[in-house]
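Here it is, the structure, as structure tokens.
Chain naming follows the written order as A, B, C and D, and within any one chain the residues start at number 1.
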Amino acid sequence: MSMLRAIFSHPSGRIGGTIVVIYVVVALLGMFGITPHDPLQQFRIDRLHAPNAVYWMGTDLFGRDVASRLMKGIGQSFLVGFCAVTLASFTGTLLGLTAAWFGKTWDGLVMRVMDVLLAFPAILLALLIIAVAGPGTWTSVAAIAIVYTPIFTRVVRGPALSIKAREFVDAARTFGSSRRYILTRHLLLNLVAPLTVQVTLALAWALLTEAGLSFLGLGTQPPASSLGLMLADSRNLMETAPWLLIFPALAIMISILGFNLLGDALRDILDPKTRSRTA
Amino acid sequence: MAPLLSVSDLRVGFGRDPRQNEIVKGVTFDLEAGETLAIVGESGSGKSVTALSINRLVDFGGGRIIDGSIRLKRADGNILDLAQAAEPVLEKIRGAEIGMIFQEPMTSLNPVLSIGTQIEESFRLHRGLTGRQATAAAKDALDRVRIPDAARRLKYAPNQLSGGMLQRVMIATALACNPRLLIADEPTTALDVTVQAQIMALLGQLKHETGMAMIFITHDIGLVAGIADKVMVMQAGQAVEQGRLDEILDRPQHPYTRHLLGAVPHFESGRATRSDFHREPSKAKSLALAVEGLTVRFKVSGSLFNRSPGSVHAVENVGFDLMPGETLAIVGESGSGKSTTARAILGLVHPTRGSFSTSSGKAADAANPGVQMVFQNPYASLNPRLRVDSILAEPVIAAGGRINAETLERMKALLMRVGLPENSLERYPHQFSGGQRQRLCIARALMLNPSVMVLDEAVSALDVSVQAKVLELLIDLQREYGLAYLFVSHDMAVVERIAHRIAVLYAGQIVEIGDASSVLSNPQHSYTRRLISAVPSIDRRNQHFELDTRQVPSLVRPPGFEPPEAQWRTFGPDHRARAEA
Amino acid sequence: MSYLTRRLLTFPLVMLGVSILVFFAIRMVPGDAITAMLGTEAGLLTPAQRQALAAYFGIDKPILVQYWNWLVGVFQGDLGISVTHGKPVLDIILERFPLTLQLALMSMCVALIIGLPAGVFAATRNEKLSDLGVRIFAMIGQSTPNFVVGLLLIYALSAGFGILPAMGEFTPFLTDPLRNLGQMILPAVTLGFAFAASVTRISRSAMLDVLSDDYVRTARAKGVPKRNVIWRHALPNALIPVVTLSGVEFGYLLGGAVLVEQIYALPGLGRLVLEAILQRDYALVQGCVLFIAFNFLVVNLIVDLAYVALDPRIRLGEGS
Amino acid sequence: ATLRMAWKQDATGLDPHKQTAFSSIRLLELVYEPLVRFDKDLQITPAVAASWEFSADAKQLTFKLNPNAKFQDGKPVTPADVKASFERILDEKTAAAARANFLSIASIETPDDKTVVFKLSQPDVPLLTAMASINAAIVPAAEIAAGTVGTKALGSGPFKLDKWEPNSKEVLSANKDWAGGKIAVDGIDISVLPDETAILAALRTKQIDFALINDPLVATLVPREASLVLNRTPVLAYHVLQMNPSRKPMDNLAVRQAISCAIDRQDVLDTASVGEGKVTGPLTMPGYTNDAGTLFCYKRDVAKAKKLMADAGFANSFSATVIAANGEPATAAAEAQVIQSQLAEIGVKLDIKMMELNVYVDAWLKGDFDMAVALNGGRADPYSMYNRYWTKTGNLQKVANYIDDTLDSLMQKGRVETDPAKRKAIFSDFEKHIVEVSPWVWLYTSYSYTAQQKNVQGFTPTPEGSLFGLSKVTLQQ
């Protein structure tokens, strides 16, 4: 609660928070099918209509309502983004934390594997995963998650190493606290701040990655919509029906803007050093 | 004749609405050429803000001068009100007419530029020197602050020098252009006693040589005696008292000044030691803690292109014992291995050699609840994200206990005992002051009824008045529970008040150990003597500090190095010192 | 062991991991070089024909044998022969690499030339209107997918002004610098846009941090003029995060920028790998990925060394 | 002047006997020549051969070679080269794509230095059209012996391939000695521009003179530009919804027919291809086409479809998966979506699965799909076009997964019939029958597009999409 208040009293937090909240609402509406029209229904006599009173954002090649598809697409993109980031942050945190704590061989092993994943061109990694498993929502989630896991691992391991050297951890060790207790209560709890910031930023990237994958035809499968797929489909219609490009592009930009602003605000709020400052 | 600097009714505020957030609330003082004004007061009283306002550096921290004037007599005799001056004029004055040094030498020098570059910069800016000339001038400046081998050191980066050296570099930079006013904002607070003494001596000498005026800010009233002509006491943004040095020290008028003077622990050369415990060698069987031959070495990792040059011999063959109810203080300057010794006993670092035993017979290590530790920094040793009840419960959980009504009772009782309100349990560490947090740490250490407490600089981070109260608490607890303390500190005045015995650590080795009053009143090892003579005291007024430019020896030894066997000499029943070459 | 030795020793390990990953992953993808070449007509092949083709493409032996042979080749500096190009893989990569390198360098230049001053400027105008302007620009830059930027740029220029960089055929810089730059500037700007935005934000926040550091106050107390305080004292200290970011981004760019290369029809590494995957040119995929991974490791190492050069405090190899 | 040209997809290899991808064939047709080739009306015209003749029993085919025909290294094309080429194709080790079409060749004789005689084991009329393919190109016997056919492009065609950087560019120069006549341009520079909007942009800014376009959405934008000309030619390749009759419930005739009746082919064409094309039955080649309106359920009839479904016991609904390849053709995803929406009306729930082309091909070849959206290549002859699917021994019978005696016997009859009118009748019956039993739903044929600047003249497109017409192109200043 106090977190929310802090976000909304922070200048960029207010804007970012509002954007994210609106998107989440729109995404939920889209996911539960509360849209002006059925996003899948093809009003084929109304193909490629420019935005008007009936179709607020126009219709696409099939006469589907762009506004409804956009809502659904936001839902889809957010679903993929959220799931992927949750998965990546979870695995990354687990690996980073244990690597920092146990050090030595385990650290070496984890970090080398992460190096392998990092050194492997990200888009190719995603591409291979999707090609092997076949495209679809959950494959995209897995692919994006695998791409971002090493980043989270690194983000966690660094601070975890420094927290490990903090005095309260030493103190805990002098009492003989169990490893699990120290890992969860001391390290993890104090990693919440960097993780939160990273999560918002990763959400923004995940949206972009999802868009890129769908753009290559590897993400969301038609007739479902996602922001990237809508952009990809509009590519060759850019001149005949610019609204097909403009609305999804704006939607994606504003959402990423929102996550970035929110991330900045969280960074300020959670990090005392930059308090009262915005980036 | 107008004074060199005349500040009148200075008001400074911060933030969007500076008037609402006034930090300095009407300060007035005059300063003649060649005079030294000491500003004292506790943390947050506005000393630094006042100082920064004089050369208008507050502007960059978001501060604004709301009211008042700062009249400076310039070299040509003109008088300029700095409070109204424009930035370009101020740039000419800063560094040239007003020099400034800060508290933290480590962070006050630009880490990525060599110290030579940073000193030269002053000469380039204000004297128009370039190239060789500037370098030569910088070398002279380093010579002036008695840095040996100045020519070579010019190329060093700040991280290659010790704190004391860096502070001298800072002074060299500030004095580069012979300013007529030097502002020193707690120049020695971050340094340890021996180095502090060196810096004070240097400032005294330079003041003498150049005849500059100085504003010296400190919260340690003991330091003031040695250097100041005038003293101003600040509290909550106001100057509550000011006058000549002797007037203030001997006849303080304001209650706050009196309180400040009373709280300072005065070092009394062993006359103020405790006498509530006597060691009886016959009872040696019931030792609370015995340490033998403790040696800790850290392998130095190789640099970018080089292999490891060897290891740091942080602690070398240290041995002592501790009886229930007794306090052994370990003193020594920074880097002498005090903390490493303490940490090795708790099992936080693995000793290379050595053995411990405790009264329970078990080795003292991480799983032994009989030995507990209180760390130096109360801010860092409490997990900021845990509530006090979880913090206190941790040792119990670690020892396999549960949180039941009984533990809860014990928590409350201990909180009461260390003087914290009962509702503390539901609060977070950041909702306590520094002294309160240290009490929390002490309560936490007591949760498991330890027999030995290791206190590593447990009161060093606290304000003087708070420090006194915590010390009192520790002594009470010792009496009550029969605790044995291993008290690590560099502050001789504090040590004198709490220790029964003292061990002096130098470069990882004990050089002198014995009964506190004997060691303090009759130090035998030259290093102990040096430590003691460096302690400031308000009794030694305008004293001429000895300037000692010796360096602490490097502890890095090549692989396989073993130090020679020590020779001990005995001076009395419980007092031994290492023979010196 | 010195840091450098230890660091270099991890290279082969990571490369081995990458090689295993790429080798087996690419073979797990359905379809092979035969379907890639013949498409649905591959169904017309008799078993003997199929066998002959498999032998031709070198995919007839057991997979572990294939891996071993390939690995042995790699150790001898032979990345194999690409079946689509009919040339040694290394030759093809080295042919394509200059473009990718140039593109990466140019986008980094674009990013640094725009981003760094913008970030520094914004930091010194903290909370002022101009600061806000810079930040909004940076946010927009970061939140626009670069394929959208690319498509819009091409459309706007070609339909609106009738100009367009030469597409398709890449002219090496040394052959015709002007033509080369004309060709590369738009892709570099497209990639550099988001990159510049990140640099702006990072350098702004790093500058803000640094400007409140003690040594900046010291410099001011010495009477150093504002410009010098910023550029000589503060900036070098704020560079570390900028270098980190640029290094990571540059490392990624060296792997090729698939979408941008595709849109601007540049024959870079990104497209090379993508097409190699689509054509199941296993040797080429493997070679490219190894090459890219190696570059990434080298760039990372250089970044770490740059830290040491930038900041004498940093001593590598401690704690990690 | 050199013609600057662009296309989206590059050739995948240089061996004319092995390459089947449209993109490869487009390039190889400029470099190699078969014995004969098709003109714009799919009539057989001379290429390396100047004339040809079937024996009366259709068991012997004799060619007279063009005496001027020369390979690009200056050596004349000899009957030995022809013989070596066909032997190479027939050799299983070569893995030649068109081998199956030439299995009836029993022996090849070269009585003199201008004559080649193919002796056939059985009458085989379609053989001649099969020989018009670049997969039956004549390559030098010496190159075959040296084993350099796939690595060096040495043909007798109008252009020499000077340089090939896969997926980047080709440089072709005019072959001065070409037997087919004088070539007006000095050469052709081909750039691979993987994005068709970029191709359009390059045309607009006059960076290129000539381009191949696949996506009808992009093609329709070309005529809007005053300086550009769009050529569109109907092609033989057909868009089709393949069902897998070996899987339930597509094994049920009524279900398949219901699906066929439920699909509005014109609507699919209008939506997915913005109307660029023509609704078609299975026979897409000129001379064999029938009026589509006469075929079974070519007028959409939802009521009938529903009734058929109900009869088959699927009054409620069933679901199935349709696979389609990404961007191959460009309209695949759109077709799948329209079909999905149309079939939803009769209670068929389609799941669309888009796949990378190779993955798709893999699944397709294994017959591992419920339904597939496909663009299958056409041939000038109905037998060569369809024997692979609808004869019992067809190589792709496994893909079609449908055995029908009527279809098989009609195919065999058509194969040996030499009288064009009778052949047409046979294949008309074939068409009627296959549409009625509906293993597949034929949708439409689209156009192949080339776009060019106004000053490019003399290009004639062909229904196969061949770029051979570039040999006649002139560039006006």
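Annotations
Just so it is clear, contacts are C-beta pairs under 8 Å (C-beta built on N, C-alpha and C of every residue); 3 or more make two chains touch, one makes a residue touch a chain.
No experiment lies behind these values; they were computed from the predicted model shown.
The chains that touch both chain C and chain D are A. Steps from chain A to chain B, minimised over paths through touching chains, total 1. With every chain reduced to the mean of its CA atoms, the largest distance from chain D is reached by B.
Chain centres here are Cα averages; for chain B and chain D they lie 87 Å apart. Chain B and chain C have Cα centroids separated by 49 Å.
Work out the mean CA point of chain A and of chain C, and you get 22 Å between them.
Inter-chain centre distance (chain A to chain D, centres taken as mean C-alpha positions): 44 Å.
Shared interface positions of chain D, i.e. residues touching 2 or more other chains, are given as 197, 356, 359.
Chain C has residues 29-30, 151, 155, 159 in contact with two or more other chains.
Contacts between chains form some other arrangement here, matching none of path, ring, star or all-to-all.
Touching chain pairs in this entry, ordered by label, are A-B, A-C, A-D, B-C, C-D. Those residues of chain D that touch chain C in the complex are listed here as 6, 12-14, 18-21, 92-97, 99-100, 150-151, 165-169, 189, 191-195, 197-198, 200-202, 204-205, 207, 356-359, 361-365, 374, 376, 388, 395-396, 398-399.
Residue ranges of chain A in contact with chain C, taken from their complex: 112-113, 115-116, 118-124, 127-129, 131-132, 161, 204, 208, 211-212, 215-216, 228, 231, 235, 238-239, 245, 249, 252-257, 260-261, 273-274, 277-279.
For chain A in complex with chain B, the touching residues are 166-168, 170-178, 181, 185-186, 189-190, 192. Within the complex, the chain B residues that touch chain A are 343, 346-348, 366-369, 371-373, 375-377, 380-386, 390, 394-395, 397-399, 441, 444, 448.
Across the interface of their complex, chain A is touched by residues 196-197, 215, 217-218, 220-221, 267, 270-272, 274, 326-327, 330, 333-334, 336-338, 340-341, 352-356, 359 of chain D.
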